[in-house]
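In what follows, chain A forms one complex with chain B and a second complex with chain C.
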Partner chain A sequence: MSSSENKEADGSSAEESGQFRNRGFKILGLSKQDLIRIFFGGNASVAIVVLVLICVFLAREAFMFFPDHHHDLKAYRQSGQEYVDFASDEIKAHTNLYSSLNIAYFAEVNRTAKTEDTILRAYRALMANLENVTAKTWGRFERDLDRLEDVEDDLSDAKEDLEELDPEAEDFAAKQQELNQEIESLSSEQSQLTTRVEELREKLKKEVDLVIDSEEVWNMGVGAEEPPAESKAKLREAVLLSASPEIDDEPEYITGLKAVSKEKKAKAAEELSDFKDTVKAMQASIRPLKSFQSELRSIASKNKSEIVSFSTAAGRKEAWEKGAQNAATEEERQRMAAEAEKVVIKEPDYAALNQPFYESLGKHAELIAPIEVEMAQLYAQIPSKKEVQTKSAKENLDRAAVFYERFENTVSKNREEIKEWRHDKPITVPESVTAFLFGRNWISNSSWHDFYGILPIFTGSFLISIIALTVAVPFAVSAAIYVNQLAPHREQNFIKPAIEFIEAIPSVVLGFFGILVFGETLRAVSQVEWLQWVPGFPMAERLTILNAGLLLAFMAIPTIFTLTEDALNNVPQAFTENSLAMGASKLQTVFRVVVPTAVSGVLAAILLGFGRIIGETMVVLLVAGNKIKIPDFTEGLGVIAQPAHTMTGIIAQELGEVDQGSLHWRALFMVGMVLFCISLLVNFAAQKVLKKLSKI
Partner chain B sequence: MSDKEKEEALSPEQSPVQSSVLDEGPPQVVIEVDDVNFSYVKGKEVLRDISMEINKGEVTAFIGPSGCGKSTLLRCLNRMNDLIPTAEITKGEIRILGTDIYDPEVDVIELRKHVGMVFQKYNPFPKSIYENVAFGLRIQGVNKKSTLDEAVERSLKLAGLWEEVKDRLDSSGLGLSGGQQQRLCIARTIAVQPKIVLMDEPCSALDPISTTIIEELITELKNEFTIVIVTHNMQQATRVSDRTAYFYLGNLIEMDETTKIFNNPSEKETEDYISGRFG
Partner chain C sequence: MHDQVTDDPLLKTENPFAKKATAVGRRDKVVSIVLRAGTYFILLCAAYIFIDIISKGAPTVFQSSPPFINTDFFTESPQTLMTWETEDGEYFKMDFSDYSQWRRDNPDRPIVEEHSHAYSGGGIFGPLVGTALLTLICIVVALFVGLTTSIYLNEYSSKGRFMDGVRLAIMNLAGVPSIVFGLFGLMFFCLFVPVFTETPLERSFFVIPLGGGNHLSFEGWGTCMMAGGFTLAVMVLPVIIAACEESLKAIPMGFREASLALGATKWQSISKSVLPYAFPGMLTASVLGITRVAGETAPIMFTAALAHKDKLPWQDVNSLGGFFSQSVQAMPYHIYTVAARIPQSEYTKPMQYGSVFVFMVLVMSLAALSVFLRIHYRKRVKW
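== the complex of A and B ==
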């Protein structure tokens, strides 16, 4: 029955029939409920819209990189720079080999005078330290000493005068009195000065003692044994001698040491003269190639600027013309029009530009062939690892072996590639992509050619993340297991907020803590004698992959900890109860029931922790050392003691300085895109894992 | 203990429970509850002056209205109340197989190996059926494949689940139906061959058909184990139990042969409860 029928049937029930009608106010046919719904829904969709916009713009900027990059690579080839870099690569490979051998040689030579050198180094450090500490006292001491001498001179003059004074003279009495007074005042000053000088001498002695007793200097000889007590005593004597105000010459002990050290080194050098000659011969062998390369290099540079000026010509002309149109005065307009007129758009004759390179093909082959033969001969002559004794020499010989192989490979690879090389060979699209994804160089603002290969920064990020994860995961997961399952209530209430508080520390604060405290400590620890087996120790750098990795681990711990703890919390209490009722101990219950049940949640926690690590900017920028180079893996695990740059760091560092729309700018966006994809993948994986968890 | 010794200790031929079931003597007391008071929070006693004896090879049912303390007493028998820090027995002692189980010398883990428990909500671990049943043995350090296989098969057969799952022992225990999961939990409990099995309302989360199956299972199991069952369902108590204890507000009102309790209770309160006048 409809309401109208109802009304007809019974007029008095009209009021009653309306009681189910919506009497609330309405706007555009929407009730209050609908409006509230729309408000909240709208807020949620704003986030989605922003996300989509970010994705779209990031992708647009990033993917415009490839056409530009393609263009840039083409210029690199057409200008002949690519050709010249064949020779540059050979020279670089050779330099690596040569310098590692050189280091090995000097390590061997210096080894013989290690004790002397340690003492000498300590002496120099002590003296430098001494100068700092005593400078003030020293100045006062010298001044007082000078003054004392003056006073003594004056005093003896006065005394002489007194003796020579003619008693017959009429003013004898007055003069005698005067002189006596002078003598009196002078001698009182003398005695004052003498005590002051003595005091200062005492003070100096004390300061010298203070400096000598500071043990720090002995830690300077990295990895060297501490010299025997006897030489320590002698050194102390020498320092005291040098420090004493009356002596200027270098103490005999030190000159003696210097002579011994020199003699020993000379003797070692004589013994190793074959090695030395080999290294020298190696250095000499590459010279012809070097001068050949530098000649070609200048030609290529010229070509490049010609090509670049052609590619920008159209744009420049247009800009001038536009400026002329909008010019305020007639004079200005004419000047601009003239400028526009001056810009000539003429495509360079690439074949002519590259003529010198084609002509040099034969010469390159001619030059490199004897170098290769000579290097093979020379390399065979270097001592084997067994023949050298220092750790550094052994390591460097190992590296030399790797570098030699690389040199050979470079030469033989180049031989093939030079044969194929044509300045007008087109660059394919995949080539320009792989040049980015697998390029081994990231060089910007170079006078030669900018390379945008992501590999160096990717490796940096990757290594740092690996270290951070290997450290953070065990710590965070075990802490979560302990807090959630084993710790008494009181400890829980303390540990959990403490770990979660780490998350609140701003990363820039952690960063400077990492530089000033952590880096310094790490380096000091790396120089402890009995830790030398650790790869990469002793560390020469303070800002390293290891340092950044450890700090990032610290930052990731709260994330992993909290999520792992949640996952453990989600394990039904019934499982624990059942397991205990079966006669399992608490630990058995934790490791056989609770943790296996929560394992996918733990995995998701680790993945999200990884996302946090790879996306962190500030800490790595401050602490990783920011060296854009693929870390040297020939050092094995010691690679962690090297500085590196990261993907996040490079964006933060370089984006402020690039021209908007330039290739460099787009390259940075592309790096951002890679980061975005990594994070997306990680989050996706975490979601998948979590979904699996919720099924249980 | 080496695996071999354990194997022997666990083999059914030498199990003391089995051998004693075979000789038909006078009922042997395995659980003695002697004048026990129990409180979860100091000063508020939820069990008062409970004394009872539970015989070997029998099914004993605990009945009573909600909050009467029957589950609490059950959980006292394998010291599951230890999980609550403030809970304690304030008076009396509980002896199982002659040992005071609240003696400080007693190893709770050893006790629980002998006194198994099946919970109200079936909850197999998120592991395979096989691993669920083998869990108790594995935590005792038994890892020999043949021993485990044997124990798993025996327990599943006892729990009446073998025929249903023998082809999918490696699939998850969570993929079974509710009744099957509860039987899996029973199999898991009996795999370590406890002497006593405590059941805390094992059927309350199950449908009537599964309940029937479990009840039949309980009747069969009493040949091998002493069973204590807490139930809300008085019909169930009459169907499965030999003796019944009626609790009310923390007191044990009456304990006797099931037939006697339900037909001719000596206490008025018991009669009121079983006839449905309250509860």
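== the complex of A and C ==
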């Protein structure tokens, strides 16, 4: 529009008008320079746009989770599943208690035959490994042996035939020749087979030797305690004996050990018979409740399917009707119309569905009261911690105490809640939100009811991050202090790029390393005798919270290191010089002047490191063990030896397999939203810390 | 004799100005040794990881006869590995395609024991190509947006709310977990972005008819390398912006001022006397970006990557659009698959370690390149 008036503008006009105004063509009143500026500005705002889009798209899916979840919870209540789960909770609490006592009992009994069991375990491990290694050779050996037997049989048959051949028969010569040929070919095969069998026998022997001599197998079976050298030699003999192809029976040494172990255990069991009876009585006491619960469970399941079928009925009918409209043939159309007709939209009579539960109220109370009394009696009878000797038994008695308390609590809490329970009590909005934020179960694809509670995966993520931070911070900060303050220039130039280099290791490579190498190493380390004071050692699993935590610590070190180093770098030189001039030593200067001045930067570095750790996906997906359960805190710090699942890991693992728009899909987006919020919070906190604490 | 032992300080063996061994000095020494040990422990751990992977991966990648490199490993795509044994005791180990050929050639040799090991045979050509394509798309997009953003931030912007907003957004973007970018990419690029199509999908958010049977349908690109590349680009944006900005900041103000004083317009001075000198820095930025992006798995898990694909991207494609809208295999996802999603056996090990070795060497050499470039240009360029 305004471009024409400026078209003729050139160098001469500026001098004439004496004005320094922009010339050149204009669009919408904007000159070329303005347009370029707007173009750059527009691209700069991409960052803002993307951030907003992330918020919008995550939030859209995530917040649609709550209505769906609300609906789902309503079905859970209306079908009576919630009611049945009261009893299920009691049973679960009881099972926990019972099984920890059971473990304690067996730990005590097995203690007496510890030496024998260790050797037997090693024997079994060795044999299993032996089977693996020799399977191929063994198979071939047996096949060849069978074949050899057949050939030998055939050979002797042929020889017999040759002898019995009637010399007077007319075809004697031909037959004799035929048989001779057969014998010849058979004997050549026989000799071939014999040599092969011998070869294979040699090979087997070598393989057996290989297995017996490899340290790994010994460690695997024997565990923390090494058996005496004498029994080790005997064990070796036994393994050799059972590995030899001709002998099928178990070696005497092993049979003997088994007998001794059995005898010792029987004796111990007799001494501990009171304990045993108590545990058995406990197991028996819960049975009536169990059968009661399983009866109700099937009713609730039926109710649930009825309710679900009602909630989807309208959609199904619509789909059939739509299909009928678009049907290609008349026949098809009629079939679909008939199907649509068949779908009945009728709201179930919830009161009638839940009638059996209301009726069972009295029975539940009747059942649980004697169980409670009996359990109290039985629990009083179990031996105290002083009476047991093994570490495992002591730990499990401790756990049993916790579980007993939990059982009591569950029962008394349920007693009140069951009275209050109504199938038609509305579910409030806060209730459905807390069911997500504080839900203790994340169960998907279950035949009973899907729970989406973030607590198990959140605890997993959090525990792993805490371990990673406690390990990473000392190393990263001390490395930063060393490099920035103490190291000579040459060393600085080597260490800094090297640590930056570590940051570039792809996380999937670290995860791979964790799953194939580090997990095994860590487990082997955890078996070492003098490290037994570490909580959770010895570890039974390869993929644990500790494993993931240590690898993530390694990942976070470069981040924390770089940021801490920057912060230390920003401390004015004058501070250091003044301190040194006052006669402080180098280290006094570092720890009393430089680090306190930079503390805000260090804290921010730690926070950002935390952000990086909690958002890391591949390492935890590969290494954390992926068990969706709140880690068992009754083991104290030993919790680090358990597997766990994480928020990032669960998205990566499950999102690929769920239907778009389903409740599960939305739950995963909700988890993503939580992660997003955490990352924003961490960033925000880091900035606040930098501003607030900055002393310079 | 007596005279010789004087108090002459020059004759004393001890230096009077030497530091005295005090308790503070000793403590200093111990603490600094501890700090130093901590530092080197980190490097030792890194070295352990490298050595372990290199020592176990090298046998797959290299061979003892010319050409010394296992070319099959680099030119074939992942396949199923078959192992079997014939009745006469001969033992075979072949990729699936060779196996079928062998079966055709020897129809009457009975097989006694046969095992298949998924993803353990063949090579890593497919994943390598996929990763290269994803990285290429990503870096083109990210460099374009990142460079323009950094030019705006560094050359045009004045302090203000918009600027603060942009800086805050970039900083927060840098902290968002990669899996969240994956979710975003899935929702936005795979399921929302508008496309021109004749037959809009039912799940499309909304459809704008354009006449002539064409529609602008907001249905997304689907799972494809475009979606993956863009997702990665969004993720790596903060890194690229920071690196580009650093390179622009390093150019002295005098260059711009001199250019402007000579009468050049703003854009002329930027394009003629700033950008050419910032080029090395941008190169470093893009290498850094590639390093970051090539190793990422989580963002491409749902947006682009496939565990198995028979064809290479350029086979069976008739248009450019078709080329970019197919999913690809990618190295990190391939490693995830062979590490965690297939049953482990001794036959899977060569493929596992071989892939990890190649991938790590690739990424680490890029990282080394970016570190080298930075140090090199910082040293060389002195204004």
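Just so it is clear, the second predicted complex is superposed on the first by the 531 of 696 C-alpha atoms of A that agree within 3 Å, B and C clash if a C-alpha of one lies under 4 Å from a C-alpha of the other, contacts with A are read in each partner's own complex, and residues count from 1 in each chain.
The rule is simple: a contact is a pair of C-beta atoms (placed from the backbone, for glycine too) under 8 Å apart; a residue touches a chain by one contact, two chains touch by 3 or more.
Quick caveat: nothing in here was measured; it's all calculated off a predicted structure.
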Contacts of A:Ile299 with chain B and chain C, given as first, second, both or neither: neither
Which partner, chain B or chain C, touches more chain A residues: C
Which of chain B and chain C A:Ser585 touches, first, second, both or neither: both
Partner chain(s) touched by A:Val84 [first = chain B, second = chain C, both, neither]: neither
Touched partner set for A:Lys136, first chain B, second chain C, both or neither: second
Which of chain B and chain C A:Ala641 touches, first, second, both or neither: neither
Touching partner for A:Ile36 - first (chain B), second (chain C), both, neither: second
Which superposed partner A:Leu608 touches (first chain B, second chain C, both, neither): second
Footprint overlap on chain A, where chain B in one structure and chain C in the other make contact: 585, 588
Contact footprint of chain A on chain B as seen in their complex: 78, 80, 83, 109-113, 116-117, 119, 121, 123, 125-127, 135-136, 138-140, 174, 185, 188-189, 192
Chain A - residues contacting chain C, complex: 32-33, 36-37, 39-41, 43-48, 50-51, 53-54, 57-58, 60-61, 136, 139-140, 143-144, 196, 474-476, 478-479, 481-483, 486-487, 495, 497-502, 504-513, 515-517, 554, 557, 585-588, 608, 611-612, 614-618, 621-622, 648, 651-652, 655-656, 660, 668-669, 672, 675-676, 679-680, 682-683, 687
Chain B-touching residues of chain A, taken from the complex the two chains share: 572, 574-575, 577-585, 588, 592-593, 596-597, 696
Of all residues in chain C, those that touch chain A in their complex: 24-25, 27-28, 31-32, 34-36, 38-39, 41-43, 45-46, 49, 52-53, 85, 87, 89, 91, 112-113, 144-145, 148-149, 151-153, 155-157, 162, 165-166, 169-173, 175-184, 186-188, 191-192, 203, 234, 237-238, 241, 265-267, 291-292, 294-298, 301-302, 332, 335-336, 339-340, 352, 356, 359-360, 363-364, 366-368, 371, 375
